[in-house]
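In order of appearance the chains are A, B, C, D and E, and numbering begins at 1 in each one.
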Amino acid sequence: MSHITKEAHGGSLLAQSARTKKRNAAETRFKAFGIAAIAVSLLMLFVLVTTIIGKGWGAYQQTFITLQVELLEKKLDKKGNRNLSDIKKVSTFGYAPLIKSAVTAKVEELGVETGLKSKQLVGLLSKGAAAQLRDFVINNPDRIGDTVEFRFLASSRVDGYLKGRVHRESIDNDKNISPAQLDLVDALVLAGVVEKTFNIDFIIGADASDQRPEAAGMGVAMLGSLSMMMVVLALSLPIGVGASIYLEEFAPKNWLTDIIEVNISNLAAVPSIVFGILGLAVFINYMHLPMSAPLVGGLVLTLMTLPTIIISTRAALSAVPSSIRDAALGIGASRMQAVFHHVLPLAAPGILTGTIIGLAQALGETAPLLLIGMVGFIASNAPDTIAEGLMSPNSAMPAQIYEWAKRADPAFYERAWGGIILLLLFLVTMNTVAVILRRRFERRW
Amino acid sequence: ASARDQVQVAGSSTVLPYASIVAEAFGENFDFPTPVVESGGSSAGLKRFCEGVGENTIDVANASRKIKDKEIAKCAEQGVTDIIEVRIGYDGIVFASDIHGNSFEFTPTDWFLALSNEVLVDGQMVANSAKTWADVNANFPAQSIQAFIPGTKHGTREVFEDKVILAGCEATGAFDFLLEAAEGDSAKAKKKAAEKACISLRTDGRSVDIDGDYTETLARIESNQDGIGVFGLAFYENNTDKLQVATMSGIVPSTESIATGEYPVSRPLFFYVKKAHIGVIPGLKEYTEFFVADEVAGPDGPLAEYGLVSDPELEKTQESVSEETILGGAS
Amino acid sequence: MTTFWLISCLILLSTAGFALGRHRALVSAGGQVRNLHSLPSYYGTNVALSISVPPLAVLSVWLLAQPLFIESHVAAMIPLEMIPENVNLSLVMSDVRRVSEGLDIAIYQGLMSAGEVEILDSEASDLRGRLGDLGIALGSDVRPEILDAARRYRTMSHDGRLMMTIVVGLFALVGFSRSYGQTDKDYRARNAVERGGMALLIVAASLAILTTIGIVYSMLFETINFFGLHNWRDFFFGTTWAPNFRGDSELSILPLLWGTLYISFIALLVAVPIGLFAAIYLSEYANTATRSFAKPLLEILAGIPTIVYGLFALLTIGPMLVRVFGRGDDGLLGVEWMTGATSVLTAGLVMGIMLIPFVSSLSDDIINAVPQSMRDGSLGLGATKSETVRQVVIPAALPGIVGAVLLAASRAIGETMIVVMGAGAIANFSGNPLESMTTITTRIVSQLTGDTDFASPETLVAFALGMALFVLTLGLNILALYIVRTYREQYD
Amino acid sequence: MNDMTLLERKVETQDIKIEARNVQVHYGNTHAIKDVNVKIEDKTVTAFIGPSGCGKSTFLRCMNRMNDTIQACKVSGNILLDGEDIYDKRVDPVQLRAKVGMVFQKPNPFPKSIYDNVAYGPKIHGLYNTKSELDEIVETALRRAAIWDEVKDRLNAPGTGLSGGQQQRLCIARAVATAPEVLLMDEPCSALDPIATAQVEELIDELRQGFSVVIVTHSMQQAARVSQRTAFFHLGNLVEFGETGHVFTNPQDARTESYITGRIG
Amino acid sequence: MNDMTLLERKVETQDIKIEARNVQVHYGNTHAIKDVNVKIEDKTVTAFIGPSGCGKSTFLRCMNRMNDTIQACKVSGNILLDGEDIYDKRVDPVQLRAKVGMVFQKPNPFPKSIYDNVAYGPKIHGLYNTKSELDEIVETALRRAAIWDEVKDRLNAPGTGLSGGQQQRLCIARAVATAPEVLLMDEPCSALDPIATAQVEELIDELRQGFSVVIVTHSMQQAARVSQRTAFFHLGNLVEFGETGHVFTNPQDARTESYITGRIG
């Protein structure tokens, strides 16, 4: 190597040669790019998360009004025989007068001066108050005639006023609330009748109609999402990993496996709504599975998640050096054993990453749910059993958020963001398990 | 397979809020489970409605427009023949802008001149060059034109085109001019061509189609103070703190002015019931009747309170519901 | 016996079968595992599988077939005139099912005895009310014919279930005796079990094909309908996308396709470099602590609902871009290139952020899996870390990285909410990234969820778009496979 | 090296354990093994020698079908183990490899603990009944591979954290622990010091009592020391095959001679 | 082996190239190198010998800071290259490694073509101006590593598809092509046949004219043949270090003696 002389790398170690300087500059740049990439991503995450928390925090507090309601027998049980079916005949509309008088009584009792009509007084309460009363009466018919203390939800405007969302300046045209009502609210707050507390119902409750944003909760939809995620996890992980193992480790390289391979990567590019079309056509119309059921949602999302898991699992499997397989085969392990004992554990981080990303996508997806009837107003009760959770109509967290975000009352907007916080918490919980598992499997060789 | 026991509703997202209010009250007052009301648009709802008769199909389709004859035919093809049509009321469509901005008093002509692709100038159709509202109407402030109108998927778009743009087109005389110039074999074809030319809107970004919902339109106006958007009356009434409404031909939109027909831009809302499911799906009949009951859909009911323009002919609807009158006459 | 119990029994039996098979194998080998062909657990598994798999298959077929059989039988009982005109028989049958279920529950709760049910008179006993109290809501009063049918339905299902239990039990028994009989030290149990496992793997892999068939099945007919109503030339070669309620719309895929490619391209332009650099930094430079918190954090980006990204595009990024590229003299650049907040760039940027973890996390795993000896080899020659990464590690990890990028690209093509809010809804043929455009997927969603007539081309076009996109991406994937193949051949 | 000892050593083999007939191996276009016929006897140590790249490893891998895993590799001809064609469709390569164990040229321990590395074979072949039996198997194997003392305190440390020579011995221990009938060893002592080499050679000699061993080596001395038969490969051809003593002292082929005499040290 | 030749060989080195002072290396709890002091002279071949696992590779990797990549590995003490501490904060390990090249114990070709494997070093160090110059560098390096004839027709084939010994020589060629001042070779001939070994030894001798070479070997003969200085490691200690002739003929330490005399063949 006559032409290559010592000078090629000559000089002191402490002094960097010009070329080294240049290369180190490139190195620094490269590293800086990496840091910048992470910083940008984390910054975006930070901005998004702070926005979400800032906008959604309000949903976790709710305003309540405590009132004493006299359960008038002549209104609720005209015949006085406590016959349940007769009591049931009184609809929520029939309970409105009781509430009206309870509010009026309260205002009088406190001695607050207000020129409000009783209809406007009732406007401070949620429209769900009557239903709450009726429920109580039907469950406790013997209390008819008593005066019972109730904690009613305040209407969304009152709630918004206490949370600073509704201002006096901005309600000029608002027919749902008036300055006089706000004055009354101020007085009631002073009297301790109106108070803002932590809102557990938002986390465990069911959806409410457009007129009652204050009553809407995420709980049932959360169970719907949970059921779907269980289906997705139970199906897509084994199927996805199984398919990947077959394709990567066993499949003969022929046209058939080529077709499967192309198919899978193609399925990844299929818009999610198409999976909804598929779900409607195949699972509901053809297989007669129930509509709006998390089971069907889970199946559709499974199909949607599979390509993600398969692609990442295959990448992870093919990254395992073949010397590991050779070592196992060389001492008489079968290929199946080599894969399951040695290759799969080494590929586990990649598989888990695919699962994390696939499930994140499935958890946040609404479009396919639209077509199988899981988006809309599905205010069912929390299911009692797992089977019911899978089969009876339910919504899902993203669908609920999507619905709320569309609704007219701004109070729903706050709830939509509050729901997003819950969704992210759900996601983080789900991911934590996978992330911990992944860290245990990570190693370099 | 165990049997379905709740009413299953799907369709228009404009009707959804009303349907959900009814469903909620229905669930509270009856022993039947709360009906499931899905959104997804009138088209998807009716399509699923027409998928066939049976438990795995929906019972009720909400629609923000009348069912089309073609759709009825398609339904019949798949065995869905006896359909009960229920008109629940009217949806008012309003124009609103940022509350802190300028206020407007529109006429259809203004909108046509602002958004149409071509306008009539000196007996010639020329490309629309209006940049500010002042260019359209000297009474308006020189606020840059930025309209957020419903995308072509929305039923509202059709109403907007028919009752505003087309009306404006006719008022400016552009329609007659286009009719003259139109090619076509029949008068009908000519009219169609002229209408089409009238309603073709400019694509230079002054008019923005909104495919999402009113919340998106609102968000756009919040991020662009010049914007003027198209909203449903109910939505506007819930957001009066952010929006100011414009008058149309001098009329302020409200449930009253729409009910009397003074305010021109509105449309009826419907739902359709499969008669075959009545008596089989528990609660279907009750739900239908409850929906149009006075205490629900009447002028003092919760629906009107929320923003539905109550149907003056509600009584007739109630009658046809209780008698299960099907579309196309014979019961 | 309910299905649940039957399955539980099968599981119990298989567990016992496992133990028995294992034991027998060991005995046949004289207690010495080494004399066996396979490990004892394989013998056990073989027996357990033979006990459980065929009966489970029979069970599921039976469960599907029995209702069909019974229904057709019971349906024959219902007089034709009972079925109102145009009412589907299946609706009547669901009523029958509901009543029968109610009777079952009534008997189960002890409200009626089985004998009472047999003599029940529908008119006299207010069955609707009584069942209603049990939580079985009926649409109308129970007619005698329906009650008869329901009774019949009930007894038949009970008999059916009994028979099913017997048959399933028989299968389990046969499976057991066969596999147990086979169990011997020379029996190749591992091969048998692995064949079974392999069959499962193949089934898993072929699910992809089934899904594709399902997609084609669910979209093909409507697509054909669409082409019956709309000129295919306009669809494929037209230049305008302008759906219209009045019909007579121009529905061309080209501007949508252009928007799809353009927006996806910009999204990838953001996601791939950022994701890749993030992955490289995490796997090559960052210490374990940084890595173990940064990576999961980045993954949250993939889980934020797209509606948030949409609003982010609309309210933050869009106005920001307008401040830079729009507003004429008020803007930062003093140019008037952008009118509204919606543009290809807005959507692309935001979508890119969402896609970062797709690239970063997967690539990080793959890069991390490159053997350390490769890095050592390069570092030992005096390469810097970045040179090592660029020239040795990345090429070695390339197949996996390509997979990650393809996944991100796929996601970009399928995204709706961000495009709707960030890029607008107007189909536009333009090279300017500051203009609004729209994508195929968003049009599919919006035409499908709109208010147009469902039998009109304006709605059906959604299916045609879906099919076209499907075929298109299929073509692209075949191309990608081909390229990867030829490229790979140079190395292995 | 004393040539005398070689000649004197008695070759006591009888049965043919493995017979290769007209074996050809191609890697894509490379013709790596050209028409090789060879008979490996039972209870014998056979050495494969030859210049680097001549096809020793390739041929070795044919004998337990490890080449199946290399896509580009095509094998033709027959290889019989105890008279049965191992490339027959009915042959289960897994069973074959359990009988014909292998130590690879590049040490490839599993990324698991040292203990698990060795215990893996016995586990999948069911070679033990109790945990203590397994412990014993592991210990014996590690002892035989002359690495026990170095690792006995760190059996739970990962096998990949060992030095090169330790890894090599670990792989030998792993192969020995499965008790194969034939053991194929591809340069098992390349990273070992003389003492460890001697111990491994002792092991090989010990194994020969019951089994056949095929060893690839670059050290002529080692071949001469441990093997009874020697095969000399050159450019894919089997040039010479015979009793070790004869091959070394009296090579028939000029290429063999020049290779052997070209030896150093 | 003739001991005379060893004694006769003149050691013509003068400068100290590398000096290690009190070097200690820990892998977690394992104390792999214990207080080693050693001076590597310029234009000299130094051989490291010692039983497997005694720390030869570890110490070798310290000399160009390759241990930096092993998380668990902690180095203390000083190593001076031309009088400068290579563990100094200001030292750029990249520049260091360009000066102090390394051939690893396990051949680790890049999954690139053979040509690219060798051209990699010259490329990153910018050792050529034209493509033909690069071709020449590659060819020379491959020739010097005695592998040119075997690969000249398949320069574009992947380096990972070579036989074990070929890979090893490829790695030597790769290291030589970057023209380091010091070349650390960890058992560079372990997978080579005697002829190839001789060629590599020739190369080492040639390199010595300009540079220092440190070679780890298990073959006492090889150490004696190529080195001027020999260091004997045992259980992490540097037991003996001196002129090769002296170490082999007149070891000071009992352990050295027993290791050397325990040698075989």
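Keep this in mind: a contact is a pair of C-beta atoms (placed from the backbone, for glycine too) under 8 Å apart; a residue touches a chain by one contact, two chains touch by 3 or more.
The structure presented is a predicted model; accordingly, all values stated were derived computationally and were not measured.
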Task: Count of contact steps on the shortest path from chain B to chain E - done: 2
Open item on the list: Using the contact definition given at the top, which chains are in touch with both chain A and chain D?
Closed with: C, E
TODO: Moving only to chains each one touches, count the minimum steps from chain A until you reach chain B.
DONE: 1
- [ ] Please indicate the chain closest to the centre of the assembly, with centres calculated from CA atoms only.
- [x] C
TODO: Would you identify the chain whose Cα-based centre sits farthest away from the centre of chain C?
DONE: E
Open item on the list: As a quick test, compute the distance in whole Å between the mean CA positions of chain A and chain C.
Closed with: 18
Open item on the list: Counting only Cα atoms for the centres, state how far chain B is from chain C in Å.
Closed with: 34
- [ ] State, to the nearest whole Å, the distance from the C-alpha centre of chain B to the C-alpha centre of chain D.
- [x] 83
Task: chain C and chain D, separation of their C-alpha mean positions in angstrom - done: 50
- [ ] Quick one: which residues in chain E touch 2 or more of the other chains?
- [x] 94-96, 98-99, 106, 124-125, 161, 180
Task: Residues within chain C bordering two or more other chains - done: 190, 371-372, 382, 384, 387, 448-449, 492
Task: For chain A, residues that touch 2 or more chains besides their own - done: 9, 23-24, 27, 280, 334, 346, 370-371, 405, 445
Task: Touching pairs among all chains present in the structure - done: A-B, A-C, A-D, A-E, B-C, C-D, C-E, D-E
Task: Interfacial residue positions of chain A with respect to chain D in the complex - done: 253, 322-335, 337, 341-342, 346, 443, 445
Task: Interfacial residue positions of chain B with respect to chain A in the complex - done: 1, 4, 6, 8, 10, 13, 16-17, 19-21, 23-25, 27-29, 31, 33-34, 36-40, 44, 48, 51, 55-56, 58, 99, 212-215, 232, 234-235, 237-242, 244, 295, 302, 305-307
Open item on the list: Show me the residue ranges of chain E that touch chain D in the complex, using the header's touch definition.
Closed with: 1, 27, 30, 49-53, 57-58, 72, 105-107, 150, 154, 161-166, 168-169, 186-187, 190-198, 218-222, 225, 259, 262-265
Open item on the list: Quick check on the complex: what are the chain C residues that touch chain E?
Closed with: 371-384, 387, 391-392, 395-396, 490-492
Task: chain B partner contacts - residues on chain C that touch it in the complex - done: 67, 84, 86-88, 90-92, 94-95, 97-98, 101, 132, 136-140, 242-246, 248, 310-311, 314-315, 318-319, 339-342, 420-421, 424-426, 428, 435-436, 442, 446-456, 458-459
